[in-house]
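Two complexes are shown next, each including chain A; its partner changes from chain B in the first to chain C in the second.
For the complex of A and B:
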């Protein structure tokens, strides 16, 4: 067939362990990439998806080697070619867009020069034509004023713009196949939606085939025609994206889809038990057996083959797929107890502003405030006991800054933080009373960094217990075991070091450490964004369970609106360190809403090909909040004019009860947004 | 993750960790040779007084500059003393002084570096500029000054050497601390309200310990070279104590006809330094540390 541009045949890639065993990272992969098609490869970390994508351009990472099989491009095996031959193909015929464009662009060369370099290498254009082509490419990836962008250095661009430049560079050689390795991971939600829309446009416009590797089914759903689901180095499901997302007939995909929090649903997503097996640990039987809930005895000893189901045009690696074929409740969720919120105020932020600017010595002496435009300004929130409040916004919205101030890690410039009405929390950590310190605990984004690698779980958990309660000996031991049971880890975890735990287990230990202090408030800083989807659901469920048991108050920071929807009772939307909207979470997700909330909601990616993101505003990145007027004036598509630029907008209460800080009348806003 | 696999993998106390590191070090030829030489020298230094065939300070004018023979294995020196006796005993002072000197260097350099890295700001700036100023003074000149003012006793040499070789460790410890300090587990400890001392002890030291120890091991061989240079110049140990640096210095004028009196201490000194270097290298590799300081030889 001539319309197949890349053929992967029985590919196995692996490495040799210290004991001399051959350990497979990819196991017997066969697939075809057709001309003009976009294929999404999805899987959790460690599933071998990146290794497969790299093999498609003839690259095998150091330490790994090809055990069997081939990658055929234009009927020659890429894995057998030497570097000289590969140079002619890479960039010209197969191009790659890396995950982190900021790191893949050379920092000391101008954008234009770097694209020019790609053009010189991969095309035969003359000087003048190349200049023209650079602006063409930059225009194609929709960068504003291409001529000036070409003269900038990479650090002068935002993350989204850098990613666009990477796309432009990849397109320089007019490749037939474009490999994208997690190209939107790490970008803000609105930027991500814009980049995906751009990729869709380019796929249509140039007819380039794309292989899109991601862990994010939401992103994959937006771009792919066909989806390959990988698990433990194998293809477990392959087929047209619509049937995979609507009728996931492999139990792994089924569980994965159920574990993704969705905007349309309140309540927590279902979680999948366990985690992906280590490479080489499954010797016989189905690799998903240990986590599967429709497994049978034969799955334990026999490995299922990839079977083609003609009516769904899907290949599946499962004996029991038929039992999933008629199920169609992928959009169910565990209902969450609406928190019993006592109207008892536990934390109150009054006119809090936080500034990163340093005061000069002279200003310090005269007690003069210089920074009239601080990073975070005029935050007024009161938090009731037992509720979960979420702070939402893109990077730079000041959500983590506020969290740090509540924890005492950052000094506030103005305003007061009061705890339980009568206790003023000093903005200086050293001056806080031990009991106030105990009452507020933090959980961090990345458990790899928040757990000391040289402490075992016992030492990690004993620290708060010793510090706050002075426990020791048997009493300490008993408490640690209790804590581990609370987060559903066994006693035998005590002697383990963080490196011996999986991502989800590490985050459970971090949760246990926070709960060890018997806190009243727990600050969660993007606690699930470093975790795989199935693990994320489990951690969210655990947090909810612990909250129900202990009545803890959560302040939850996240950029993911779907996660926030799942766990929070109330949402505060922030832009540039200023509050835009605040209200019960079910109301914030309904219109009318603040124009910025509208942008955020529109950009959420759902794992459903029928729900497309709505791009309301440009994805401009503003470095500083405006001096006066509405904080969102720079990007607002519904801006009224001078009023928005000069006057601070008033708070308005909508019918459903959420507060919006906007000049536009709520009734008008409702009409505009419906 | 598989439960059985982990319980089999490791459940260790600190002693078995040390053994594990030693085993990794000895698994490579260079590490094995290094460890072997170092252990050989340490053992030799501790038992040499009982092994020595002659009195190290017995002068006999009739036996001046005898060539090696079955009676005097390494020959005799210009005062008729047995070179073999003096060679096997010549590492004792150097090893002891530099070992304790390195310990002092490790202690003050490491702690000051960690402290500066943790507190940062003005204190850090001031301390580091002072350290920089000291780094710019040629150490041998400063040592000569100290020794000529305070004498060449052990009580002076150990702290003086420890001080001068600790400056480099301050920088390494500070840099290692900076790497750790930005991590969330430190932020977490701060937010819990732990004191600075507790953060240093529980959170920082376990993470920078390896880097500092490796640096200390490297400094040890540098210090050994430095100490021997002092002896060579006549400011280290005083005669008649046997010492390689002093022996080389005494016999170098007669090198053209009594080469044995120079070669024996040279072999002793250089083999010890090579041994320490190889060991320190293997130590760094076993702990997985990329070392930037280079070995002196």
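For the complex of A and C:
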């Protein structure tokens, strides 16, 4: 079997708990990586996928140790090798592309030096040849002007560029196997699509085997030939990517695929109940049993073995997989109640501009405005009571800035924010009345950081109740329990601290805290982007349910167009702090659309190997919005010329009824995009 | 960059001005003055008047402040009452002595702290770390007056190897001073080294746990190369400011140690002039100590800025 490059045999890795018990992170993993193939390893956080990838380099994180099994590379066990021997393999034969390139490049060393270091360690090139090779590598990962990039420090590059540098560094030693640990997580959608395309190109061009680790089935679908699905430290499904994605015969994969919101589908994704068992929890029977909807008595006490199904070329760990074999409706969703939008306006933004530039003392004295080109400019949006409006855009699009201004955390520079027609919210927090403060609540992206780790759930939820309604004693207690029930958490959660909750439970507490104030508007800032997909689906469903019950208005900020599609009634697309397009969400997903919306829609990754992203524009990062003309002129592939650079584009209404800010006539745009 | 330096220097001068104002007002508000202290029981009538006249205490306070400040800018701190000579002459040898003590402690203490800190971090939770960490924690917790007294007891009285207290004129040459400073330097270096070694240790450990170090390992960089190229430059940057504060603390006179060893440095001068109510000297010392802190911190900040590429480009972009 010469075409196998890495063989993992019965691998178990774990750690010893404080009580001295052995706790397993990986349980008896066996798999092979073949020459030239790309294998995707997918699973939610805590499934052990990164630990497995690192073990393939002979690296076991501090605190963990190998309990059993081996990782064979060139027929020797990497896990038994000493550091000296591993140094000759790492970077030369097996290379790693890390998750967060920004943090994985040493901050005090120049890009060129860091690539040169890899070349010096792993090749015999002479000085001049190495310089040439650095340029070649940087060119290969399609970085502009390689000579100047080599002289920069990591922090001087954008996220996408840093990731490309990491790819170049990994390629320096001409490795036979590339391990990629969530290489596109944290990048903007368009950048992610570009990086994936680059990786596909490199895989073909160099014939390198790749192991691609990700929680994102959309990304995995684009690159892999074969997929391994992990759950709770075990392989539960393994096979050719097409059959895994189209006919998932394990209930976990089936549920996972159903919980991903899809562009082509309106409505909310199905959620999976429960969460992955904690490592070390006593497992009798199938580890997925508690969340499985096709489980039987047998599954409770006996753990299934990995079974090879020859007609699908797939291995599955399930007693009951046959019941899924003929089911093929993964593309379904829960229909969402159309919002009852009464035409009552609740929030109005008129000509809002927001600037981060600080007025200097001298300018204040002469009352001079310095910033003629503010971060956010000319935002006009009416929000009706009971609707969900989404603000969409990449990082730097100003979507969170607008949210902060509505919340009162940032002062507007110009324009008015009016709440219920007559209450002015343009001022900052200190000048707002308590009732206006109560009416608008925020839910943050990362519940780990937005919940005070020293307060238990009871204290967290009692604060808004005490502050806004002056509740105490029994009544306070009753209200807290009601809130917890609303977000489907039991009364016993009251005494828990955030660290004792899972990611999804934490976000539920954060949602409950926002609802405690009985708000009219809830601002959701990327509320699901830190969560696993199955949890994301559950939170989206919860938000929708609460909205149906209370008629709350949501302003939903997200970079994920599919999530937005699932939850929102109306979408506003932003680029560089300027509005590009606004309209009912079902229209935004139809052409014609603003060229920027087109770029965003093209870059969405669907968990389907047959739908490839369309890369319409370059993923350049612009630091500042242009002084005049269209905000998207720098990246637009359909640019008309001087007109787009000089004149601010007009608003046009399309057939389907959404407004587009573009110089190109809507009819021409439709022809161009069809 | 240049703009930043100018701005920081200006801020430094403003700090010094405020310090001078506070010390001046402070000495004014306190009951009694230089003359009543100096003349003691004879502080009345004509003698007091004459003293006021001689020291210029009969003119309004703000005028005195202005003329004092004018002289200070020209480098003249006035006349020491207890020393009966110009303050500049009192200060000169004291500053020199403090510098000698501080430099010796710095030359020994800082490299030692760095080495110990790095060793304990790299061998974390192993024998070298456990041994050194126990000692450093011990050294940190013993106050200097106890360690200094113990040193005198053991080395000077029992073993009689070195002089226990420094009985030399303030203006001795460097080589005459040298045997006298060994014990004070040990006493200071012990506590200073311990503090800094702990700081360096935690900083190195933090960097070792970072993503880029894991990446360097996975890139196949040999261990010691990784330590010197990837770990230390990043780990020692935050140490610069701590080192700066330590140096400022040393130069400003380590009061307790100087008093225990009877060492003629700035620290002891502070105590002496306060107990003698030698107000002009106290004012001069306040200004000098403040300028030491201001300038050393400025140097440290500029050094961090120069060594940290991240901060440098941030400043340029602004």
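FYI, the second predicted complex is superposed on the first by the 671 of 674 C-alpha atoms of A that agree within 3 Å, B and C clash if a C-alpha of one lies under 4 Å from a C-alpha of the other, contacts with A are read in each partner's own complex, and residues count from 1 in each chain.
The rule we apply is simple: contacts are C-beta pairs under 8 Å (C-beta built on N, C-alpha and C of every residue); 3 or more make two chains touch, one makes a residue touch a chain.
Given the structure is predicted, the values throughout are model-derived calculations rather than measurements.
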Contacts of A:434 with chain B and chain C, given as first, second, both or neither: first
First (chain B), second (chain C), both or neither touched by A:380: neither
Touched partner set for A:454, first chain B, second chain C, both or neither: first
First (chain B), second (chain C), both or neither touched by A:88: second
Interface residues, chain B side, partner chain A - complex: 1-3, 5-7, 9-11, 183-185, 187-194, 198, 202-203, 206-207
Chain A contact footprint on chain C (complex, rising order): 209-223, 229-230, 233-234, 237, 307-310, 313
Complex contact set, residues of chain A against chain C: 54, 57, 59, 62, 83, 86-92, 95-96, 98-100, 103-109, 117-118, 121-122, 153, 155-156, 166, 169, 173
In the complex with chain B, residue positions of chain A that touch it: 275, 277-278, 281, 407-409, 429, 432, 434, 437-438, 440-442, 444-446, 449-455, 459, 463-464, 467-468, 492, 495-496, 500-502, 505, 513, 517
